[in-house]
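There are structures below to look over.
Next, two complexes with chain A in common: one pairs it with chain B, the other with chain C.
For the complex of A and B:
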């Protein structure tokens, strides 16, 4: 169903949810916005021109979380699986919601279900806000979704003038909004026009037709040395990436906890072996791992590209490396060499 | 109810039953672990297959992966041989009989033993990586399992005789009529009555027939690298040669990301791969 939520009624709706849910929504931090639990409906910011800097994957896979606690004296462990209150993530962008569904295929597998991921996932309703004006750095239509992609969402909002039209996709989403007025035919048409216009404003960033094949072909080539030359290896592209999920497990001795922390394939120590051998000793191999994982290995695993085109790695790379340019170069690399 | 059944990150509680040095220089030490709870033991042996590994865990010190070096029929324990290399393995080496330790596993695929029925087995190992092959050899020596395989040839090389693991047991293999054992050391030593030379060369000398045979190779990367071509030269097809890989690992269950080669995770899709599978993977080893 499609409902209409007047902008001036949002606070009232949020306050109604506070009773039964923890509501997570973008709030202003310095120059950026970030998802936090709302304690006051007034803190909500939905009108930021950019997506949040910090990816909302952290609401399911925190940057640092305790896996278990232990007592070393009696050598016993204590479970640390979270028991979250029912949660609503409000105002997530479609790229980040889709990323959560990609991460489900890593954490919620039949053989080994990750209980930390699963309990948070099961407790969460996800309400998206479509992107009427995609940014210059966005390329979600290239990676196969789009600024109003419904995958991973329980409901999707489209901003109209003084209201949002809200399309519900699941029972959970329906339950939240069924008290609202239904959108009129003209309001629905208006939303569709906005959605269409947004999609049309985005031009393809690179050709994905033979991209995986082309990348596989140049695995051993100089291409990787060329594109990684100016990389600092800071890892910001992976930390801010909504689909990067790699983590380290360490014991925090003072807290008596075994903790998992986000990790990154861009660091040397990540793949350093005890023998001293490192399969990815330089930034060349590490950049290759990052790109190949997103644009080749994910496709081997689930048939989908592991990038949602959110553009964070483009926006925040300190030396201005642009994955879109890297992939365009990958598509033409072979032919350039042949011509040379 | 212990909840660790459901949480793959929780180590199961174990105790060290026996701890003993394998090598004269005390760099290699074996630990036999007993289960605190019989239920965990049942779950372990239901899943266990030689070639699999476990994460050993000490609270406050961390975890690291080690190949299992025992067969199920040996008893209700799990053996690991640990090389003292970094800070965690130094911690493990300090453990003695009666000390508690945690374990997650068995992890990984293990050797596809079921597919090898009726074949000759050529088992080739070098250094401490032989521990997984020791588990395999022990497994197939079990009287009810042994008839599933034809000839068995074991080649085991170490840098010197002092580094040879499982010495007494391997000594007894020379008396067995149902298998051949070829031991090698890198440089000559007085009183050494076996092969001298690197493992690839010893394999060349032993020249096992590829007919109806499967070869399993575990060793340091350099040994594996030079042994695989020898086997191919002897006529082994890439589908009949197997090896076990190692990578830096954390979770052991295909989630933390770091142990991949191409789209395969060593912890979950491996650690055992056929040469044919390896050849289809990108050069990221």
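For the complex of A and C:
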């Protein structure tokens, strides 16, 4: 169903949810926005032109989380599996919601189910906010979704002038909004026009038709040295990425705690072995891993590209590296070598 | 400004054509006009992509330590970059005779975050002169005074001119006012202890430990950083308060007498964390106590890296 939520009624709706749910929504920090639990409806920030800077994957896979606590004296340990209150994530962009479904294929499969991920996931309703004006750095239509992609969402909002039209896709989503007025036919038409216009405003950033094949072909080529030469080897692209999920588990012995931290293939120590050998010794191999994982290995595993086109890695790379330019170069690099 | 770019292009062409250097480290254009990239030119035909403007925000000296000492490198240096190169030479990270420094007196680096804050990120064109920056946003031209957009560390810059470049493109600029440079640190010094700690906590708690600050810094070239040391581990590696505060304090302390105030760390930070107030305080102390500024020449060891037998205070030896 499609409902209408007046902008001036948002606070009232949020306050209604506070009784039964923890509501997570974008809030302002310095000059950017980040998802936090809302304690006051006034802190909500929905007018940011793009997604939050810090990726909402952290609401399911926190950057650092305690896995278990132990007491060495009495030889006991206690798992720290979260018991979250029912949660609503409100105002997530479709690229980030779709990313959560990609991460489900890692943390919540029939074979392996991560209880830390699963308890949070099961307790969460996800309400998206579509992007009426996609940014220059966005490329979600290229990766196969789009600024109003419903995958991973229980409901999706489209901004109209003084209201949001809200399309519900699941029972959970329906339950949250069923008290609202239904959208009229003309309101629904208006929302569809906005959605169509947004999709049409985005031009393909690179050709994905043979991209995986092309990347696989140039695995051993000079391409990687060229594109990674200015790379600093920091963790900005991977930590801000909504689909990067690598982690490291460490014992914080002084706190008697086993902790899972985000890790990144862009760091030298990520692949450093105890012997001292490093199978990915330079930025070249590490950049290759990052790109190949997203655009080749994900396809091997689940048949989908592991990038949602959110644009964070493009916006925040300290040396201005642009994955879109890298992939265009990968497509042409192959043809150059074949011609040579 | 575009005049400088033309001169720079001819100079790089000359260095490569006459085989004076093997590679030139400069900047090149990318898709977005706001994000020029560090680039490595080895052939003159690659120079069509050359870029030089105030958006070139990285400290290129950072890349010197990636090359063997016998690589002949040409490198574009502004004031701070030249001092970083010198500081690296003092620490024997490259040989001066294998470097050719192409100096450019610097009008300051424009902070892309300040542009985006004012105009949004849909910038399709960028142009500049000494006093003004003009951007085209959604078809609209908007002009700002340069000072409004300069990065904070450039507003504090005292030495905009390269100190010992092999060639200087453009006329030298007047030196900056050291008392203005000190204002940012003075503001924090004036806080009481609790306020200062609250400031420090607010800045460190947003850290995501991506280490972009470290990787962007020319002086952070250790093969193994203290935070990466695994056996024994010296600092908590999670985003706990202890781990993050330790990182910020120790990172700054390792720069004592070595930091050239370029601000590359702060510009690299994805979480808008203020980093330079810590290093600026240390720089002030080093200036006051030892009358030393990093990188002003290529011989003097930083105070904390040197000792002599006549030292008045004998506690070290």
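By definition in this document, the second predicted complex is superposed on the first by the 336 of 340 C-alpha atoms of A that agree within 3 Å, B and C clash if a C-alpha of one lies under 4 Å from a C-alpha of the other, contacts with A are read in each partner's own complex, and residues count from 1 in each chain.
In the analysis below, a contact is a pair of C-beta atoms (placed from the backbone, for glycine too) under 8 Å apart; a residue touches a chain by one contact, two chains touch by 3 or more.
The structure presented is a predicted model; accordingly, all values stated were derived computationally and were not measured.
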Inset, instruction - Consider chain A as the common anchor and indicate whether chain B and chain C clash or fit when overlaid. - result: fit
Inset, instruction - Once the structures are superposed on A, label A:249 by its partner contacts, choosing first (chain B), second (chain C), both or neither. - result: first
Legend entry - Touching partner for A:277 - first (chain B), second (chain C), both, neither: first
Legend entry - Angle at the Cα centre of chain A, taken between the Cα centres of chain B and chain C once the superposition is applied, in steps of 10 degrees: 90
Inset, instruction - Scan A:234 for contacts with chain B and chain C and give back first, second, both or neither. - result: second
Inset, instruction - May I ask you to decide whether A:42 touches chain B, chain C, both, or neither, giving the answer as first, second, both or neither? - result: neither
Inset, instruction - Considering only touches as defined above, state whether A:259 meets chain B (first), chain C (second), both or neither. - result: second
Legend entry - chain B versus chain C as contact partner of A:67, first or second or both or neither: first
Inset, instruction - For A:219, decide between first (touching chain B), second (touching chain C), both and neither. - result: first
Inset, instruction - Have a look at where A:31 lands relative to chain B and chain C in the superposition and call it first, second, both or neither. - result: second
Inset, instruction - Pick one for A:122: touches chain B only (first), chain C only (second), both, or neither. - result: neither
Legend entry - Overlay on shared chain A, then closest C-alpha pair between chain B and chain C (Å): 6
Legend entry - Footprint overlap on chain A, comparing chain B with chain C: 248, 250, 272
Legend entry - Touching residues (chain side chain A, partner chain B) in the complex: 67-68, 70-72, 75-77, 79, 81, 106-107, 109, 111-115, 216, 219-220, 245-251, 253, 256, 258, 260, 263, 265, 270-275, 277, 279-280, 285, 289, 292-293, 296-297, 300-301
Legend entry - Partner chain A, residues of chain B touching it in the complex: 3-4, 6-11, 13, 59-64, 85-86, 89, 100, 102, 220-221, 246-248, 250-251, 253-258, 260-263, 268, 282-285
Legend entry - Contact footprint of chain A on chain C as seen in their complex: 30-32, 35-40, 57-58, 62-63, 113, 117, 120-122, 124, 206, 208-212, 214-216, 228, 230, 233, 236-240, 267-268, 270-272
Legend entry - Footprint of chain C on chain A - complex, ascending: 29-32, 49-50, 53-54, 63-64, 135-137, 229-230, 232-236, 239-240, 248, 250, 252, 259, 261, 264, 267-269, 272, 314-322, 324-325
